[in-house]
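Presented sequentially are two complexes of chain A, the first with chain B as partner and the second with chain C.
Here is the complex of A and B:
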């Protein structure tokens, strides 16, 4: 525990990242103010990747776990996917590059992020959020593209907007700032996938205007040899409502951060998440939720299934600021451990500075209930099928809460796909 | 509801910063010079007539300590401690170790009288009068039935008296100060000291290993159920001293012991450091029940003064089917940093943690437990109740982990926080780590204020508001109070009432 002896040598990955910066900087879009931000971010990286000593990374020692840092490969090819939901406007970022062919949707303005980096207008958003924001730093240093989505006030966008970030084995760093105007309504799907042992980071920034309503769905199914570091940020305006759903079903080393602030009175945040963990992988979901205004609510429900040698982590912190009276916040994290070599760690935190609040969290870790299993087996269902049914029921509950039929069906299809390979 | 009434009375009568144990006694003291060095450690060791191996053990810990840094992860905030500005040894003159009561300085006896240890306990302490028969026959508590509690009284750096030693010895139980144990029972001490909390454990435990001055030693032999409650009363009296006590309790196969601990200190403007280490060892089928009522001086209403209570307490369920239970009522100290833990090593072993942490004024509490499941079929239960009032910060920090081989590990955790006033904070930081598929962990936590519905329900039955709140608070902590031995339960209930004064109503 000797902390004097810190400041050890750089790891291979740390060195590779610093070298990548030297070689990439000249071709990354933006100069002046953007370069200043990139340099600032690099300073954070130079201090070293976070270890488990950094509380926010307690269960994901990035310095130890990040071993492979591939170079960006401009010649690699990634293909656009079919949309998860029919009729979606698809915005693909293929191997880190956005498409010039922007869809046209009434009430929505799309811009390529590369343009906003080139003209410097995106520079202020490249701020790193503190010294433990390794994902923010990595992304700010290297971000090359993405999309900016601006939704007009009062627009009700019927067709979902799908953001695809598809890596092709190299290093890619994308961003998706989305602004939703007052009283506007929209469904946004974010796909994080690809082929090959890539390293990809992706950051979304969502701002909700007064009374806006957003359903945001993240489906992450990276290949089992890739590293994915994602961050979702949202600021909720007065009386706005955000439902965020995520499904993690792949990746060798995955961290999905969720940072949400209820910036407006009466806003409401709902988080539903599923982690499907298999193989020799490490998946971390870390949420920080700030209740900063009175009369705000939040519910989080996370369900995890762990098989093989997978290691899963859920850290969820709810901060209730002193002025945020009448906060109503509940968080639950339930885990099914299906294999002896799998493990799951949970750290649900409450930090509360206001007295007139109702806050709670629950966490459970269990194996499949033997009584339930027996019940099904007694009806002539073989063990494997019975277990499959129970696990699926455990997860489907979270999906069904989304209530929109096509979305539920599409997500359950993803679930079945995962079971077909790992079940 | 006499207990509730009593709480109300206490609350009414006493000002927020009136700490009733805040007096100081003028007693001629023998002190080590200020500062910490190998010299200081040699001085302490010599004062205690310790064997060479003990001195080496201390020096080893000290050298290790020099390489450590003060931990900063807890949610507490205080100016840096100058470890060279503390007396590491302070003992009443002519009192190098516990003796018979007649030889104890009468001034010292007055201290214990004044401390409000109930008079009967005084008599018990003096060993002169038994509890009259039948006086408390309603209470079916062991303490009252036997009417006796054996007490080890620790005053600053030394144990001044230990009662009932003869009778305990007849049962085979060793109960003495740790200094005496080092001299009289070196084999036991050598075998177990540092085996649960090693000298390398953490900053404060390592410091304690280097400079501990006294504490209690309990050894309960195979198959023996300790015939009475054992108790230690810690008192810090001198200025600019730190108290570093070390307690070691060993329950051999099938043994049972219940141990109580209480503590107070004078009211002073400067902060004083208390860094204790407690080690419990339970072998096959043994059970140890450890209860604490912590009432160190918490500082005044402006947050000035008070004790820094940085304590390492850990129990090792080393044997199969062993059980260790921690119960704590934390109302004192300016800062509390304390995580009584259980290592569930033996198969079918069980750990329990019941805690009430009350903070008011500018107190900071960062407390909780660790349940480390290593053996098969181990189970643990955590009930933690935090009450924050005034400008205080109250944090529960706990860890539950099941290792690969801990088949069928079970845990249930419930930590609730109650906030009284909008200037205080309540925080929950649990770490839940499962590495075995048959592990079953359940954790729940809630934070709220006393709900208007609850209050309305009670008040509409004609109970005034203050009383209603006290009633609800008492209900909130009842689960933990019930785990305390009777005598402590009463004291604990009173303490909670006092601690919350100025915030209730």
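Here is the complex of A and C:
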């Protein structure tokens, strides 16, 4: 007897995705092993998009929320952006297509991902991480391009590397595998933006060698009618250090997944994030962090500002494996609600199988302090400016901890820009 | 400069009336002291003047330079030249004091149709004013009032007052929490602001402050009304005999 429930009727979005696969497969790069991986990914999609009954998607019912699936539009035009940080080596993916004109940086090798798909060498990386990995499946089925970045051991890369993924209203799927050699140091900026009601997925895979240090900054400011599904994966080598900063400041439907494993003893992961949520939008940040080796540390600090009818989600799951003694992990998620209709859901989870660890988490939700507001107004500062100052004050800590002056300034400028339109 | 006429004000939330028919006139160039026992409505009066929305004016009027300010919000009042030095200045984490001073000074200049101050000019003014109050400029890099001692907070209030150059200064219990040295510095700061076209209202519990900021007039506030006015000798009389005598006299 078949115990499985009858497959529910496909939504418009699900049907559109399956049709898109049929029409796109012949033009997507890669064959053989790559096609096998794409077909496997499609099987995951055929089972239907995740609903709120899937725990990892409980607050973001993708099946219900994903309503628009535009086709890839090869004729659409996206423009390269000015770099967030001066002097960066910029690698743009415009409307899903990388540039043949690769920058030259000492100690770094760049490759177009399209080439790695065509020659089949990227096939093993197109593995979907379980049946709940909808973003992984969507991206593996359709990925067309991106960049591979390989940083040699002991290289200290002074110029930031900026990966730009700019959609132009259609459907685009990109990947950014990055390998950082032993003891190498680098700052990587990831820009996720565009124009029009696009559907964009993007997956990065970062591996840090022994003693490597990486600051990775994601700035996502998609237009308010677009869908963005992102996934950041990292494996941390022995004594390596990763600081991941993200800023979500746009998009109608956004999910940013962060999947990190402290694969090496003594490694350290720092997550700092800002969600600026406005309008009638839905933004989900879901982190899964595995402490799999002893003596590893992590701190997660997320600050959210919610206005309009925006809804936000942060799921932070920390798994401390039995072997991971002396783990030191702390997670905090603080929300400032600026409107009655905005909402933010926080779900911290600690699963600890080791007995000698320090782990903690905290979540708060508050409104703008009435007394603070009065004090500022009593000095002649108008309501809007005063609220702006207080919101920036709430977020300042997360940005200032990055400590690099040009980065702090660039991100504060982005904050001001967001506030000028949404404050 | 300031005319308060039959003012009635209550707490917005529960309707408790605090100011009950208060009359007071302060002329340009005058330093007026408002004294009174705890709960007489002194701090409420200062908040009502500044426009705090936790209080509602139900009757009467406040005229500033002949115009009612009741419809103006706190920022407009401040930009028009009314300054309240808080009894308990707010600690605002994340807002650097210097940044706050810049935004406040330029917001007021903008409201008056003036150009924003250039950074070097702004720094010069802040340094000068801070120096005169014996304030360490390094303090101004810290978040506004966060971790400041009681005396430092009061000095920071006077610093703001000097920089914003208001026409009407209202000092709410500026002496509370100050040791004698800090009190002198703060009083010197206030005295330096005395001028024929500026009025200063000093709200205080004790006569002590008035030895350093000598008032032109003294008004006793009790149950939300001015029950007695006089010159500086009234403050000495209160110091000697307490409020009871004046209150009995008025009853």
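Definition applied: the second predicted complex is superposed on the first by the 417 of 423 C-alpha atoms of A that agree within 3 Å, B and C clash if a C-alpha of one lies under 4 Å from a C-alpha of the other, contacts with A are read in each partner's own complex, and residues count from 1 in each chain.
Everything below uses one rule, namely that contacts are C-beta pairs under 8 Å (C-beta built on N, C-alpha and C of every residue); 3 or more make two chains touch, one makes a residue touch a chain.
From a predicted model like this one, the values you see are computed outputs, not experimental measurements.
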Given the superposition on chain A, are chain B and chain C in a clash or a fit?
-> fit
Between chain B (first) and chain C (second), which does A:422 come into contact with in this model arrangement: first, second, both, or neither?
-> neither
After the superposition, just quote the angle formed at chain A by chain B and chain C, using C-alpha centres and rounding to the nearest 10°.
-> 80
Of chain C and chain B, partner touching more chain A residues = B
Using the touch definition from the top, say if A:185 reaches chain B (first), chain C (second), both or neither.
-> neither
Report for A:394: first if it touches chain B alone, second if chain C alone, otherwise both or neither.
-> second
Taking the superposition as given, does A:322 touch the first partner, chain B, the second, chain C, both, or neither?
-> first
Contacts of A:377 with chain B and chain C, given as first, second, both or neither | second
Rounded to whole Å, the nearest C-alpha atoms of chain B and chain C in the superposition sit apart by 14
Of all the chain A residues, which ones make contact with chain B and with chain C?
-> none
In their shared complex, at which residues does chain A touch chain B?
-> 1-4, 55, 58, 322, 325, 335, 337-340, 342-367
Using the touch definition up top, name the residues of chain A that touch chain C in the complex.
-> 371-372, 374-383, 385-386, 389-390, 392-397
Mind listing the chain B positions that touch chain A in their complex?
-> 67-69, 73, 200, 202, 404, 417, 419-449
Listed in rising order, the residues of chain C that touch chain A in the complex are 50-53, 73-75, 77-79, 84, 86, 89-90, 92-95, 99-100, 103-104, 107-108, 111, 143, 160, 164
